[in-house]
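Below you'll find a set of structures to go through.
Next come two complexes built around chain A: one with chain B, the other with chain C.
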Partner chain A sequence: MIRVMLSALLLGGVVALAASCMGLRQINELAIVSAVGLELGEKPGTVRVSVQIIRPADARGQTGAPAGGTGEPVYSVRAEGKSIFDAIRNLGRFTSRRVYWSHNFVIVMQEKYARKGIKEMVDFFTRNHELRMDTWVAVTPDSPEELISTITGLEVVPGEAVDKLFYNNDVAGHALGSNMMNLEEAMLSGSAQPVLAKIQLQPRGISNKKPGARASINQVELAGAAAFRGDRMVGWLSPKETRGVMFFLEKLESGIEVVDCPNGGGVLTMEFKNARLRVVPSYRNGKPEFTLRLRADADMVESGCDGALGEIRDEARSKLEEELASSLRGALNKAQKTYRSDFLKLGDTFRNKYPSEWRTLRHRWNETLSEAETEVKVKVVIKSAVVKAERTNRP
Partner chain B sequence: MSSLQDKLNERLEPKLQDTVAIIDGILGNSSDLHRREFNLCGHPDYPGIVWFLEGMADTSIIDSILMALMVSARELNVEPAELANSEELRTRMMVNASVKNCETIGDGIAAILAGDSLVVIQGVDRAVIVCAKGIKERSVEEPSSENNVRGPRDGFNENMRTNTASVRRRIKDPLLRFEALTIGTRSRTDVNIAYIRDLAKEELVEEVRKRLERIQIDAILESGYIEELIEDSPYSPFNTVQSTERPDKVASSLLEGRVAIFIDNTPVVLVVPTFFWQFIQAPDDYYNNYWVGSFFRIVRYIAFLISLLLPSVYVMIVSFHQEMIPTSLALTIASGREIVPFPVLLEALIMELAFELMREAGLRMPKPIGQAVSIVGSLIIGQAAVQAGLVSPFMVIVVAITGIASFAIPSYSSSLALRICRFPLLLASGLFGLLGFAVVFFVLLLHALSIRSFGEPYLAPASPYRPWDQRDMLLRVPFWMMDRRPEFAMDGRRMGDRQKPNTPKEEQK
Partner chain C sequence: MTKTRISNGMFIAMLINLCFVKSIGVTQGVLARSVGQDMWIATLLGTIQGIGVIYLTYLVIRKMPDKNIMEIGESLLGGWFGRAIGLIVFVFFAAGIGPLMLTFVYHLQEYFLPEAPRVLFVAAAMAVGMVGCYYGLEVMARIALVGILFIFLLNALIVVGSVDEFDIRNLLPVLESGFPRTLAASIHLDSDWALSTMLAALIYPAAKDFRQRGALLGIVAIAASGLLIIIWSLLEGAVLSAEVTSQYTLSCMKLARNAHIGHFLQRYEMIMISLYSIPMLFEVMICLYGATLGAAKLCGLKTNTRTVLPAGIVLGVFGYWIVEDHFVALYYLERIWPWIALPIAVGLPVTMLIVQALFGGRKT
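Then we have the complex of A and B:
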């Protein structure tokens, strides 16, 4: 027994010494990346990677011993290389810590980069085990470098602010929450095409020191979507069309629409809830057809209209229906006609119902889809005017 | 040695001088040995001697012996010749509660050394042993290592008879048995095996008896000696013998069909067989409402997990698996560690060591100084070390929570075992990450699964799974549902049918 224990001890010791803490890295020896930007490099055939690295001591203030600095919470740097990984390795020439990707929030691509094709980017970001599939992916018309180094939002770390922005994207309902998982799914799918969120810089922030300069500080905002065909970006979608897309892809349930008053004058704001879109495919004469049925409940949330609720109710309802239908039609129109790209996943619903027909159509699906008949039916029920029946008036 | 043994086996001589010579030869002239000469009925032809040890024997009892043999005998006009038979002496003259005849020198010596008195009279065929034990004992106090809020406050003390009595007081069952043994060639410590005859398995009692009889040692100073000599797995860090200072705990164990081992001169009683989960259960669980009992039991299970795993999990995640930490927490940890010069593993080891130091120092110091130690220690560890940048505030929190959790485990001895198991886990997870942690954790688990305590698997009733016994493991179900004894007991049922109380229905008219 003694001998067994001694040999176990010896073996354990040898293993411990020989392994020498393989894979050990302390958390404070990592450069934690919170956002990454991709664009084309200056030289043709190169790619430029810009990363936003968190400086924990400044991002968290003093939690323990005085750790110095009252500097910026992030450190943003860029490097170029022949491939994404090459560029990341080149980052190592000037970042003092090992770049660590697991806490990355967002990947931003420049429009030109996206238009050239994103195959390599999807491959790299899904191959590496350190990268997460729930990282947000977006396209920007601006410089990603500038975008990721902009201090934005209420969070200390700008990347985290963008993360929260995406997380609550359904509040405004103007941009998709597209992450790596959706992107890869669409890339690998035989029918659907990718669609990514669009983010851009807008001077929205007001300086507290110089309020006179008005909103002069750039902020990151969600502003629509970018449609892809294959791995190449083909064009933008406006925020309104994006809302239409969100009914298809994200089961958007609620949002607001502003419509003109039925009897003229002001505007009426309505909030729709419990929206549910049903896509019903059918197959006639060798051509697919789609019926889109959207049902929603609605409340009046802000009214500038004259007249009692009962009078304007029906008209308000049909206006809201028309508004919702037009955003659906806008999305359909972009997918069918403008970009000829099935980013609405209509092909998936068709395949599920007509698997054998799908086999004959799948090879030229984008073209088939552009000729498909579509019908949009929207039905809204106005449930309440909240607490007031009429507009607020002075008698 | 053998000559001493021979002498001890000799029969007592009827002649007083011979007996005196032999006993004095064996016991020598110890200063605490007293020899009181007297004459039976005051008759000079019948000299006698009472031996007793001062301090061990109660002198008032010796007084009463002398009173009976010298004064009362003469007042009753008894002829000394009538008392030549020790049986006559015992039945007619002695007024003491416990008096027995003594045949050999050895019995007599043993009685003297145990605090009784040996009475030898010229012309009486045998000697007489009068029970005169009068050693000063500590009063019955609340056990300091096992506290509870509700429940009896009495604890065991150093006198075994008091201890067995306080168990007997709780179980007035005619089948409650105390079997006596003496262990230790020099200490001759009294040991009692307690069990309830129709509840404890015959084989279990036999096994306990066999293991105790096997012991050959010069002295037993504490129950720990016996515990280590009867354990099933002597190399294991886990206790397979439960020790307690609470009579109510022993009584409930006996009622579950276990066997208790009482040892003289220590307030600690051993209980076998023992299961791992018992160390997490406390008497309060049963004395309080069952909701409360179950809740605090779950809290204690959590405390057990924390005290075993928390430092290792923290070290493992922070130095190997940073992707498992939520981002904002990762940033907070990273900022706290920004200027700490040590790797997390070393930091953890330093802090654990500091904690153990404080605990040990607080325990060993005289009580008033012990408090000062803990104040200084906590100030240094909690504040100054963080301010100096030697450790991160997170590590202080982790070590403090671990320490508190380990104090929440009711059994002090098993919390020590857990504390020892923590270090290999910590080293492995600091050196190899999740892999090392998993390997060592499974080694510990498999070891705990493999050991037994007096024939019962250590992790029962979890493994092997015993469905009926689950009612008193993770949860403490109400008493009206706990209608069975544990599976290893002989008599399964412990209560009648339909014991669940309910409001009486209104009577039908």
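Then we have the complex of A and C:
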């Protein structure tokens, strides 16, 4: 009898625990965040958090107002607080649902906020179990709340549009695909510094209703990168310099370069492919040195040049090599001289090859790097003029 | 109780299940805090030491292959010695519930149910553990077989989801912390296989082919555990970096958070917990089982059935006390548990071998 009673008690307990509704959160009770903006608050020492929340009834299908909907696929609000968490809790004073982070696409920080330090931001979003680590992180010179509310491209939800911009960032090759995963890694690393994508608003969209207004609708665009030293932003990188950084950090394989025609005339556009950058560190006379070797294949994809492409092939190759070398040198110059910040992970490469020397240099690595000798070698092979025969361009 | 027979596969599966979850969950974070990117080397060194100790354990049992370590002690020096070993076994598994419970509770609570009270998780784990214990070794061994399937699936999934982010530069330079420090750090991995070798000391006689291939079974189990765990060491080091791994109590969950297959299958935590659940509950179950066997021997009982409930309450209360405070839990995990686990897991078979050498001929 005792055994039966104990079994019943145990079974009842297990059923009660297994079927628990503890912590239950229904999907229709959540405010699903798709983008976050961070900037300094109005009061000193405060932070302003703006969030873009998906309005599920309006976000489905195409834009427009479905029955019972408002026609606006997102609901954007902002709040301030002494910390990010405090600001988010303050959002709860006027949002009817509880903020849910798991589907957030992007975190955008305003430049002034990034220059003040992002340690708390990284800590908050990595400590929060709901956030995905592949959430994109970017810096903007514009207002983040305006940026995250701007409908860009074909997507209904602005955050999703920015997400897709980042997924295809290697097509243009003008901004890094920086996410929380690699930001956290760089922040904690003893031998590298963070670098984040720069996004901005530009009047690129043309209204179908007022085509005469031309490109007057703001769109979000990828526009370079923001370099950091420690947790503080120290400056911007141009899109061209950012392409140089992408060879180091994202193993950028392809892209296009436009060069002047070697024999006068217009311009020649070349698409490089299979690019591979090799960083070779060395150590001489107590100083590190780096040799950068970039190899790539290339095709001529658009030509306004006079003469046959076959005849200008060697000169075009030299010009392309010079362009690519210029991207690399630009990135190196910013890392070594302008910002003295090792966002190219040269320290990692040096540390891996010279661990004992690294121990003596690591405490003043940014200064050491600024004095390091660097050599850039680019070798390109132009293999094709794509579908055209080389002589068709002759006048 | 040693008349139950389990297959060789079950025996190996039980030993793997018992050390896998904690090793990938919390031990890698501890190792990253100690030796950075050399954590995979510490794991490898720990595994080699584990192979040595399981062989020692085999040597102890080999002399009397139908008896577990407590019964052998009793045979050698009489009932008092058997009871003393029973007490040691009880203390070992009771202390072992701490790290296992923190692995279980923090996985579920911190990533899925942060608002649920901790007592819920502890009570659920102990309830399942008591049921398993009550039904005995064979039932638990079958659970371990299911668990090993889940472990393989989990490893395959995490490899596929993380391989895109794998950066071998994060594992370099090798042995930056130096060999002595890496070897010293491996005690944290040792404290994981200690549970497996102590379980082997209790269930070795039940393994089907113990007489023919006992040593091989134990060695295969520990080596396979090491290989399955080292995959996580390498992934956590190369994908997350040692610096990031060292920041987290549950570094495997951090890896799962980063993992993705294509654009659509993101965040593995839920899949991971599903696959984790059986090995994790098995660990709690076995800890309770070991404690009940020790308690039964200590109290002079013939079976462990009557000790299931009291031992469950003791281990539940202790486990709850450990997980209630994160700082206490981590201190216990890193500073106290290895110093309980290793002296017992290594010292007991060594002592038994000495006693066997001195008093091997005597039988009471």
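We take it that the second predicted complex is superposed on the first by the 362 of 395 C-alpha atoms of A that agree within 3 Å, B and C clash if a C-alpha of one lies under 4 Å from a C-alpha of the other, contacts with A are read in each partner's own complex, and residues count from 1 in each chain.
Heads up, the rule we're going with is that a contact is a pair of C-beta atoms (placed from the backbone, for glycine too) under 8 Å apart; a residue touches a chain by one contact, two chains touch by 3 or more.
Everything numeric in this text was worked out from a predicted model, so none of it was measured.
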item: Contacts of A:23 with chain B and chain C, given as first, second, both or neither; value: both
item: Partner chain(s) touched by A:1 [first = chain B, second = chain C, both, neither]; value: first
item: Which superposed partner A:181 touches (first chain B, second chain C, both, neither); value: second
item: Contacts of A:102 with chain B and chain C, given as first, second, both or neither; value: both
item: Touched partner set for A:190, first chain B, second chain C, both or neither; value: second
item: First, second, both or neither for A:381, with chain B first and chain C second; value: neither
item: Touched partner set for A:213, first chain B, second chain C, both or neither; value: neither
item: Set of chain A residues, in rising order, touched by both chain B and chain C; value: 22-23, 102, 132
item: Touching residues (chain side chain A, partner chain C) in the complex; value: 6, 10, 13-14, 17-18, 20, 22-23, 102, 126, 129, 132-134, 167, 181, 184-185, 188-190, 345, 348-349, 351-353, 355
item: Chain B contact footprint on chain A (complex, rising order); value: 1, 5, 16, 19, 21-28, 30, 32, 34, 54, 56-57, 59-61, 63-68, 100, 102-103, 105, 130, 132, 157, 160
item: Touch list for chain C against partner chain A, complex; value: 110-117, 120, 123-124, 127-128, 130-131, 165, 169, 172-173, 176, 240-241, 243-244, 247, 254, 257-258, 260, 263, 266-267, 309
item: Residue ranges of chain B in contact with chain A within the complex; value: 235, 318-320, 322-323, 325, 327-328, 330-340, 343-344, 386-389, 392-393, 427, 430-433
